[in-house]
Amino acid sequence: MDTRVKEILGWYASDSPGTKTNLARLLNHGRLAGTGKLVILPVDQGFEHGPARSFAVNPPAYDPLYHFQLAIDAGCNAYAAPLGFLEAGAAEHAGEIPLILKMNSHDVLHDEKDPLSAVTASVTDALRLGCAAVGFTIYPGSSNAQAMYQQCREMIHEAKTYGLAAVVWSYPRGSDLSKEGETAVDVVAYAAQIAAQLGAHIIKVKPPTQHLELAEAKKAYEKAGVAIGTLAERVRHVVQSAFAGKRIVIFSGGATQANDEAFYDECRAIRDGGGFGSIIGRNSFQRQRDKALHFLSTVMKIYAGELK
Amino acid sequence: MDTRVKEILGWYASDSPGTKTNLARLLNHGRLAGTGKLVILPVDQGFEHGPARSFAVNPPAYDPLYHFQLAIDAGCNAYAAPLGFLEAGAAEHAGEIPLILKMNSHDVLHDEKDPLSAVTASVTDALRLGCAAVGFTIYPGSSNAQAMYQQCREMIHEAKTYGLAAVVWSYPRGSDLSKEGETAVDVVAYAAQIAAQLGAHIIKVKPPTQHLELAEAKKAYEKAGVAIGTLAERVRHVVQSAFAGKRIVIFSGGATQANDEAFYDECRAIRDGGGFGSIIGRNSFQRQRDKALHFLSTVMKIYAGELK
Amino acid sequence: MDTRVKEILGWYASDSPGTKTNLARLLNHGRLAGTGKLVILPVDQGFEHGPARSFAVNPPAYDPLYHFQLAIDAGCNAYAAPLGFLEAGAAEHAGEIPLILKMNSHDVLHDEKDPLSAVTASVTDALRLGCAAVGFTIYPGSSNAQAMYQQCREMIHEAKTYGLAAVVWSYPRGSDLSKEGETAVDVVAYAAQIAAQLGAHIIKVKPPTQHLELAEAKKAYEKAGVAIGTLAERVRHVVQSAFAGKRIVIFSGGATQANDEAFYDECRAIRDGGGFGSIIGRNSFQRQRDKALHFLSTVMKIYAGELK
Amino acid sequence: MDTRVKEILGWYASDSPGTKTNLARLLNHGRLAGTGKLVILPVDQGFEHGPARSFAVNPPAYDPLYHFQLAIDAGCNAYAAPLGFLEAGAAEHAGEIPLILKMNSHDVLHDEKDPLSAVTASVTDALRLGCAAVGFTIYPGSSNAQAMYQQCREMIHEAKTYGLAAVVWSYPRGSDLSKEGETAVDVVAYAAQIAAQLGAHIIKVKPPTQHLELAEAKKAYEKAGVAIGTLAERVRHVVQSAFAGKRIVIFSGGATQANDEAFYDECRAIRDGGGFGSIIGRNSFQRQRDKALHFLSTVMKIYAGELK
Amino acid sequence: MDTRVKEILGWYASDSPGTKTNLARLLNHGRLAGTGKLVILPVDQGFEHGPARSFAVNPPAYDPLYHFQLAIDAGCNAYAAPLGFLEAGAAEHAGEIPLILKMNSHDVLHDEKDPLSAVTASVTDALRLGCAAVGFTIYPGSSNAQAMYQQCREMIHEAKTYGLAAVVWSYPRGSDLSKEGETAVDVVAYAAQIAAQLGAHIIKVKPPTQHLELAEAKKAYEKAGVAIGTLAERVRHVVQSAFAGKRIVIFSGGATQANDEAFYDECRAIRDGGGFGSIIGRNSFQRQRDKALHFLSTVMKIYAGELK
């Protein structure tokens, strides 16, 4: 096995061989196999934002099989989705790509400042569907965060019991955070730390901005002179905040960007800052399939170091 | 077996043969057997609206056996009701018609803007009563939606474990939705998607109106030019929103309509838009039996394509 | 529903609607639907006698799908087989024919006078595979009978808990019985009674001979002048021994007979003696498919009373 | 995915996507990935025969890591071993080769004619160790066969519940079988059938000889003129006996052969008879590593059709 | 074993030998082994305050392995941390230092006056990671205190069931307490009593001030003339409040102090007041490693009585 994958697996020495095997499956699949980098296709927007907002721009994407095939053909490391989407294709595509079952979900039909996702799947489902990992979203900063931390912790515990890997989407949101604060570098770093302390193997956060949200944290950053001027520096700090780089931290792609070059630059910064890759949903499936394949191929080349 | 039924069962490849068998039972029973279309008689209004509101207009309908016989004689694909109603006739009518046990119920003695149904039956009850499926109502948009999603998910999980099929009534309601928004096409499509992602085999929604409720969704509809001008177009969009038509979506009949022709036209639109059928309660049992049989017969002829 | 089926279901008033529903499924399927008569295709000989002894004479029968299709095309009421054979076709043929899962199995690689079958499936499997019933073989007369009675009882109990029907193959064998005694009318009647007392819904025995095996029983038969001169009389007595005819008793076809007319006569005798039908394995699948279909069609005509 | 693998997975339509995924992992790994053929390294001889008998001829093989590395370097589809051997290397080699946990074991310190293996691992162990499958040995013909069938059935049931694949070693042995009879073609075919009926996904038997052991079976073979003159013909018959070729049947390599060419010829016959591959222990690890790699490479070339 | 340790263990006579063994492990490890004094390194600030606030001042401390090594090299009695931090080093450092798993955690992204920590680990995790004890934070004074008391009680119960020791961090906070009241001597003594009554083996509180918060308590203190003028006196009172000194009470170090001598004096007072030691996080890891080792060495000398 590739040295880098061995090195990464070495950080998870408390985990069972089963969990290590599933981490290895994620790291050893697709175009980036063996590089220690990951590009994952997540498609939970049908639930999180609604079907038309997610798929009307590219109608073939209403079909759950579309995303399996896109992830496979693009050479992604894994495909992540809620229960229904995975059930709709797991049998046809058994063994073709590592799957990550999203275990909780949230919709926008009820607006709240302190969100609480519903648990919508179980570790048993993940085993039944042949998944390599389970995924869970927490909203640090929500007044409901405690409930989600506990559900997340139980999910992680059960996943480890059955030899699966655990991915945590850590998205700060809540009534005490400003909109800008949700992606502030201190808050994103904190969100990464929380996920790591909960026992996550893979942590997904948003690319951080230069903003500092928390007064006490701001003092610490300024006193220590933490470098946060460039995205690469901020990524480096977030990765450092996840156990000195000893947990896999990947970054979300966010809403579709008008300009692909801007997105590629973001990936370059993630790569240069020591990030482990990207999880790219809307920027992938909200464009035509051939364009998506080209787009993902470029992103993977950047992570593989084939493109500066 | 009919080719269309085989095709439909093929969409559920992750499910056990037991669940497929029960789906086949629903699709292969009654006047529409083998067509891939369904007309189901649901009688949960006694609990949901109260007995007199439901049955006083046609007093024989107070008797639970009345509805079994009506569903059987009309050639419905299935009869759906809460625990008490099914218990009152399941032995006498064993094997005569597929049954769907409604697993949660809500009454109107306490008025709330954000409803939460009570779980009033179990999968074990469904097995004991010989049901082919269980049914669950969710209210996307309610501040209690998370609790219902989780209960629904557990019910679906257990149903699949024991080889039953799962039907989800997905009715948007809640303090953040306008009255008009409850049947807005964007909201109904979203409700269908949520049910599908929760793992439902059959999804029941209300016929959607042309209204668009959610600001972000409205932009997406307009940008993509989604056709929603006619009911058939809206049905087509809702069916598309349920995994590109790979989940069975049926439409509720709603309150009794003065004009049967209007109802028939609605069925024609559902049919022409690719909908899988109707679930018709009040329009069936709130009229005299012979008229109900004629009414249901006409609806079935429309779905069977025997009537334009 | 047919009056006769209703009458039969009336004998099982202690059972749940679920179990009655599954009994109704068996009675209402195929060419004999609604007649109260059953012709079932059982294919457990691959395990019980070995594959070549079972299938070499008609090689397509090595394929598990062959038997599903044969049972369906012949219009049998049900198809019964061990776990492996059912798993190999239950998904493809979901909903096409009621299935009976054979729960225990025995092979002939070890010769013993007092056989003990191994439990080779579970009620959970039956639910997962969409079966209407489970089946269990007991060997009254074996020194191991107690173990099998207890396993059988547990299986029946669990089947009833989950709304399934229970079929018991009751085949006297053991070191204290003569070879002739295994089909002696007193022993067969006794075997039927034991199965009925264990709670079986459907009892399968071999056609009884005029032989009387047990000394004490012989006295009773002679004293009371029980009519056992013809097969029809003996069938009538066996059926009477199963709760005065209030349990469904069907008869096995046994080894392939050289002469189909002899087999047909046996069916006539079963019919005329009030038997409920036949379970016909080797005589069905150990001949070419078209001949098997003709053969089974003739048997069904006899049971339906279309043929004298 | 390779068409052949898709075809094979299609035979297991009753299984969950999880189990299909793990079958795919076995079929898609190593030098024979995608061909539908398998060469598996099993090392259970330390328990079954004793350490010196197994490893003294090639002392590096005392080390459990030796076998992991041998299987990986040879490009085997999987490595199968008892609990202790897998625990000793599963962490170091996580994700490098599919593992099969042998669930029961037997030693030769107590001599018996009717062997009964001890259950020495659990499905939970298999998940903890990241295995793709569990394995179980049955001895059809042993007076203890019933106990083993039941344990095997439970293991298979639990494996399927958690999305693993199940491999059954079906080795006829017992006081009623002659030594020659243990590999008689009728007995081996019967053993394959029993494993298939128990629900095995992959069946391992010994290469059959022309001998016919069972009197009743012998008649059937002769009457039907079953071709058993060559090993390829016998393999074809055994594969046919496992559900007309719809279950994966592989053949054991047996004791070390003096003559590799004889072994290669056996593999050619297995291949030409439609067998799915070999499971080769002693012939692999009881020779020096470089010779073992050459030997296994030759065997794989034969199965891949690169060598006549 | 040292007499003092025997004496201390004697206070826990209701506990199992397993729990006593783990208490003895804590008391018999490191530079203070056998003295009955404890200096523990806790690192939960990454979760509680955020990573940069905790570690930016000494960046090597982002690495979980840093803290294991610091605690080991300093000769601490134990190292306490949340799940993620322990998982990241428990395998590498197995057996090198007693571990305490922090079972609940709280972050500062959502500000609240009445805090509720989330349960973020389980006793099963503690066993899996080889911990000697589990730790739990309660906030007496929070409107959520009841929930935490119950969770704490369950954790203690489960810990005792499995032979672990239980440490309770008892930190008064809540909307009815003034800021000053959080460390008021009456409140701290009360917090120690609550933890002791909940069954804690080791209780951690903050060094108390001379302030008296509660009116009724104030009267009692004044009436009885409780000596609270010096820190040593207040410590003595707090220790007395924990079962007359028969529970181990240790004191937190709090935020980094500008002046080490002030800290040393605090330790002297704790020692002189009969306190059992200190739990020192930020004052340890928020300075360079060599300085931290010197600092901790000085503290231990004070507790050992080697330094006045």
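Remarks
As written, the chains take the letters A, B, C, D and E, and residue 1 is the first residue of each chain.
Criterion: a residue touches a chain if its C-beta (ideal position, glycine included) is under 8 Å from a C-beta of that chain, and two chains touch if they have at least 3 such contacts.
Computed from a predicted structure; not experimentally measured.
If you take chain A and chain B together, the chains in touch with both are D.
The minimal number of chain-to-chain contact steps leading from chain A to chain D is 1.
Note on connectivity: the fewest chain-to-chain touch steps from chain B to chain C number 1. Comparing per-chain C-alpha centres with the mean over every protein C-alpha atom, the closest match is chain A. Of all chains, E has its CA centroid at the greatest distance from the CA centroid of chain C. Each chain gets a centre from the mean of its Cα atoms; the one farthest from the centre of chain B is E.
Chain E has its Cα centroid 57 Å from the Cα centroid of chain D.
Separating the centre of chain B from that of chain D, both taken as means of CA atoms, is a distance of 49 Å.
Note on chain placement: the centre of chain C and the centre of chain D lie 36 Å apart, centres being C-alpha means. Taking the mean of the C-alpha atoms as each chain's centre, chain C and chain E sit 72 Å apart. Looking at chain B, one finds that residues 13-14, 16-17 touch two or more other chains. Chain contacts in this assembly follow no simple pattern; the graph is neither a line, a ring, a star nor complete.
The full set of touching chain pairs reads A-B, A-D, A-E, B-C, B-D, C-D. On the side of chain A, the complex with chain D involves touching residues 1, 5, 9, 16-25, 27-28, 90-91, 93-96, 127-131, 162-163. By the touch criterion stated above, chain A contacts chain B in their complex at residues 46-47, 49-53, 56-57, 59-60, 62-64, 66, 82-88, 90-92, 105, 107-112, 116-122, 124-125, 128-129.
Of all the residues in chain B, the ones that touch chain A in their complex are 11, 13-15, 114, 140-143, 145-147, 149-150, 153, 157, 172, 174-177, 186-187, 189-194, 196-200, 214, 216-217, 220-221, 223-224, 226, 237, 240-241, 243-244, 246-247. Residues of chain D that touch chain B in their complex: 13-14, 16-17.
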